[in-house]
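In the two assemblies presented below, chain A is common to both, partnered first by chain B and then by chain C.
Moving on, here comes the complex of A and B:
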């Protein structure tokens, strides 16, 4: 399964995910959202086998649809703006009092569709990518962070599995939970089991030299390395703030200085051995990956270009008046490229 | 005798004469000034029966198209006034204020006294600030100076085109708000209503593209079903 999933390079898939997420993140144009939704559902149908069941994130998609429905109701009750009034709640009612408008319902529906698209993109990527291939993409310097992240990501499913096993074991012993007090026999083993797993994982990581340093150790490090890195990061953040608030020159100077200081601190290799990661099998970049990457980049560029020249084609507001949304054929042509993974999918029924 | 007749005639004439804005004091009145980023200024003269109303309510009662979003107990944020401002999504995130130092947003201002000319920010915002009889509120879409002259309520009433009777409603009902827009010299109005309208052909083409995408989806689903059917037959 893992081999089949990685039949397209994870970097190409990440580019596709980024391109597919742009429309719901940047606007609420119904035409663009519908095109994106159709493309994402088609890619999901082509790549995620129906038998995948639990791993395909179908439950998550259903949850997103529920949240989207709640969002429609919430938007209709809290935004009392628009020219198409459907009903009116008493003004004295806090927050929900006022006009209920078709405009607010329309915006809520579109926001719900945007949420479902983002969840569909995420769950599709979670099936077609595997964690190991993603970890390989992390730079060597961030490998400890990536390992810690992967351990954290694995926590939730491990806990769910442990809870199911404990519940089955307790049920076999005749335990029937009826109230809050009856949860103790479930939660205590879950907690102790979690602690045991944490200790086991820590020992396994330590046995493999995780976080260890070769050489003279921390005492030999440059003593000002930490303060210089912290000052550099602070200067960089301040520079970014200054740049986006209109003080471009001061901001760019601060960013340049800050990045320089962080670089100086990062270059200090005293007291640290240069670990070299080795891999059993290097990822192969094929022509199909190039095709998917190019299609994704073209989609993103088309979207950004249309957004710059014709913002209404991406963003649409039903307030204060409900108007017919604009459409952009160049944008739709760009969104057609989101279907590229469908063309690159393996034949149906094959082991993906 | 003649003096008595003249006196009675004056009393009758005074009774018959329509009330002026100054004389009809049964309603409270407030002025509203909306200054757009392109220099247009909308003046409104609004009557209300309550002792005070909120700044948002004054805007709403003026009839000027208004879009706000609620922030719960913090009140409402003004997103767009008369079509100028930002969309609800952006408004929810940062109440239309862009990243630049001079990025415009809807500034809410009032003079320390009518005619003083010292327009000051009302930091409590439109929901919490109360408008009472004689107040003048200003909303200016700018990132810098609001660019407003000193104004009294009489100035606003004149600029809003209030009729001589103060805009009194029929039968003593609440006077309708008087609203008038002043445009700067040489201003050319955008014909956005006509210019942005797209032809039917564009929508037909859009429908065709969406139908093609739906067709691709249908083909993928059909292929999956065929493959599943073949798999079941092979297993059997």
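Moving on, here comes the complex of A and C:
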């Protein structure tokens, strides 16, 4: 199998994913959305191999485009606000009756684009991110949670395979599902088989030493480690919220302080000694990862800065009157940095 | 008897165990002690408690399964009642029947390292152990692969490597070769033997196919649901076992009164050289039946993504033929059967069944004439009783088919008609799925590894049933690694390799002299002798 997993660190990719998701989450400015969409499409083209057999999420993207199209029609039919009337449905028609406006269509299209960008970012990350590497980033003390997550993720394709096998087996007995009642032959073996597989997996995990007690025990841990970590996490989340809502300086300070506290808690050596689970692979942070991380952080900072000083460059409202959207060169320059993975992509044909 | 054992081995003292939902105990007052460094094979018919016994050794019984447990299991000085299974992991490595369900990561290397990570083994040691395991099991080329993309045999070897990586004192394996081709099985067994001999690893292995494993064992324990277990040196135990439960070589020795009983082909050859009997000429392969072919594959190409599995494959099968599809794991046997059934659309070529192009029909329509038994029989079963399962098939065949009671009786399931199929044992479930297929009286039958997990007696019954169906005019395509079954019932053998047909002919023409696919009797006598009946049935004394 061609390995589509990335040679870049998953932390750097996560930063890129967050930066690329900010524009569709924060506003509907057509210029910003278009620039982001183009950047994400370019990254996807550079990193997601076209090889058949690679789960690229293309079906999910098509589904998102379908939802986006449905969203446009739904918005146009149900929102009757705006100064550019295209047509009018009889007022007596419930819900859809009233003016069909260009404003509603424009907002529907932009919302659809935002949805497609988010799905493209998600499906791209799902291909380039090595899940195992990602789970190794989880602190050692949370290793059981990480393994449980890993098993759950591994379960998804197994369930999909089981569903296919059951459908085939039932078809081989002449059964072709037509209604809700016909789901029984499908669901019963799927559930019982899934349960049996879950039990076997749990037995296998147990037999392979998962959850074995090796450490010095809770008594050796720093008693304030948990509260400090929790406070740091809360400060980080609050900082992100403050930054998004326009209080950039306070937000960045809170993020910095919060990350620092989480780091202090994570580096507590006594806590580390309490669980001696080791790791086969340690993440290797390279200069390329630094480049991607810096580019992503710069994009996010530029976006937050522009949003604080020039909100119209990120957020754009087609209601009540359709106006020409603003544009911001610093923002577009910042969004250009989203193309960093394209420059960092390995040559075509090489093993990623 | 109270069993005692040297340090590092294990002992069971008066172990009795009953599952929570069963009225009767599976194990009754079992006393068993195994010395350090032994290679033990546990055999016995389906439902005799082999898996349960094995699960006692690492505490899965009773910690995980619940139920009522009495007696004591001691492993390296630890009482399994007081130690959790995960804390016994470094003493007892365990390989389950289904390798798919026990692999939990997305990469082969990580899978092997998983147990080491849980034990806190330092990274440099881990890397060394992983490399050793990759080489030992011959899976180094698979190191970066996702286990989900591997064949059954490859997955089984990864599971064995993962269990061995923690260097347990005891390795317990529940039918580890059931999904492997002869090469894969021999690789795994050779690795186990090497570990047993060189490192003193104690190996406990449950297996139906004794012909594969008994030569490696220095001890054999045969369980029975209604009699005390036999336990001792393999040669002595096989001299006591019922002849129908023996592999062909031992059965031949028993029938011909050879003493001592040979366990390996070399031992058997030595006896044959000294045996004055003159054998009649071996039977010849049956003539190919006439009539129009029922299954036709013309230049069929099929694969997964860019990986071709079948390349311009040509094959025909006629009524009255039982065609055994053989070849190594991943050679395309399952893909071929799925393509015939219409589940796998070929990239090129044409498949027709009973004159109809399968590409133009839904598999549910093809099912009126084709019976298909997949590798995972549990996927077929969903009804509350076995009788309802068969009624479901008949309903979708417009009520036409065979008498359900007769089908159940033929498959030894007459008493299970009102049981829930999901409560049946593995071997019974396999036969239940087969019953659900056969009741539709298919004219073409596709079987994917139908004898997996079956004991000798059930295999013989299945062979007789398939032979009767073939004689009645059915066309049967059977993908299998079971050389002995093929020798007994196949009328034709098709060897697959490199995406195409490597060899095609009668079983005597193909299996005789084959390095990997010849049955035990043929290895002994050569020529066209394949089965016990070829030799014993017509043996004359000089």
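The criterion applied here is as follows: the second predicted complex is superposed on the first by the 254 of 352 C-alpha atoms of A that agree within 3 Å, B and C clash if a C-alpha of one lies under 4 Å from a C-alpha of the other, contacts with A are read in each partner's own complex, and residues count from 1 in each chain.
Keep this in mind: a residue touches a chain if its C-beta (ideal position, glycine included) is under 8 Å from a C-beta of that chain, and two chains touch if they have at least 3 such contacts.
These figures come from a predicted structure and were not determined experimentally.
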Which of chain B and chain C A:84 touches, first, second, both or neither: neither
Chain B versus chain C as contact partner of A:279, first or second or both or neither: second
Chain B versus chain C as contact partner of A:172, first or second or both or neither: second
Contacts of A:288 with chain B and chain C, given as first, second, both or neither: neither
Which of chain B and chain C A:225 touches, first, second, both or neither: neither
Superposition-derived comparison: chain B or chain C, residues of chain A touched: C
Partner chain(s) touched by A:339 [first = chain B, second = chain C, both, neither]: first
First, second, both or neither for A:320, with chain B first and chain C second: first
First, second, both or neither for A:11, with chain B first and chain C second: neither
Touching partner for A:95 - first (chain B), second (chain C), both, neither: first
Chain C to chain A touching residues, read off their complex: 58, 60, 63-64, 84-87, 89-90, 92-94, 96, 98, 100-107, 109-110, 113-123, 126-127, 130, 144-146, 148-149, 162-163, 166, 304-307, 338, 341, 343, 362-364, 367-368, 370-372, 374, 376, 378-382, 392-393, 396-397, 422, 436-437, 440
Contact set on chain B toward chain A in their complex: 65-70, 72, 79-80, 83, 87-89, 99-103, 196, 198, 202-203, 205-206, 209-210, 212-214, 216-217, 220-221, 223-224, 226-228, 230-231
Interfacial residue positions of chain A with respect to chain C in the complex: 1, 3, 51-54, 130-132, 147, 150-151, 153-154, 157-158, 161-162, 165-166, 168-176, 184-186, 188-189, 192-193, 196-197, 200-214, 276-282
Chain B-touching residues of chain A, taken from the complex the two chains share: 28, 31, 34-35, 38-39, 41-42, 45-46, 49-50, 78-81, 95, 107, 244-247, 312, 315, 317, 319-320, 326-327, 329, 332-333, 336, 339, 342, 345, 347-349
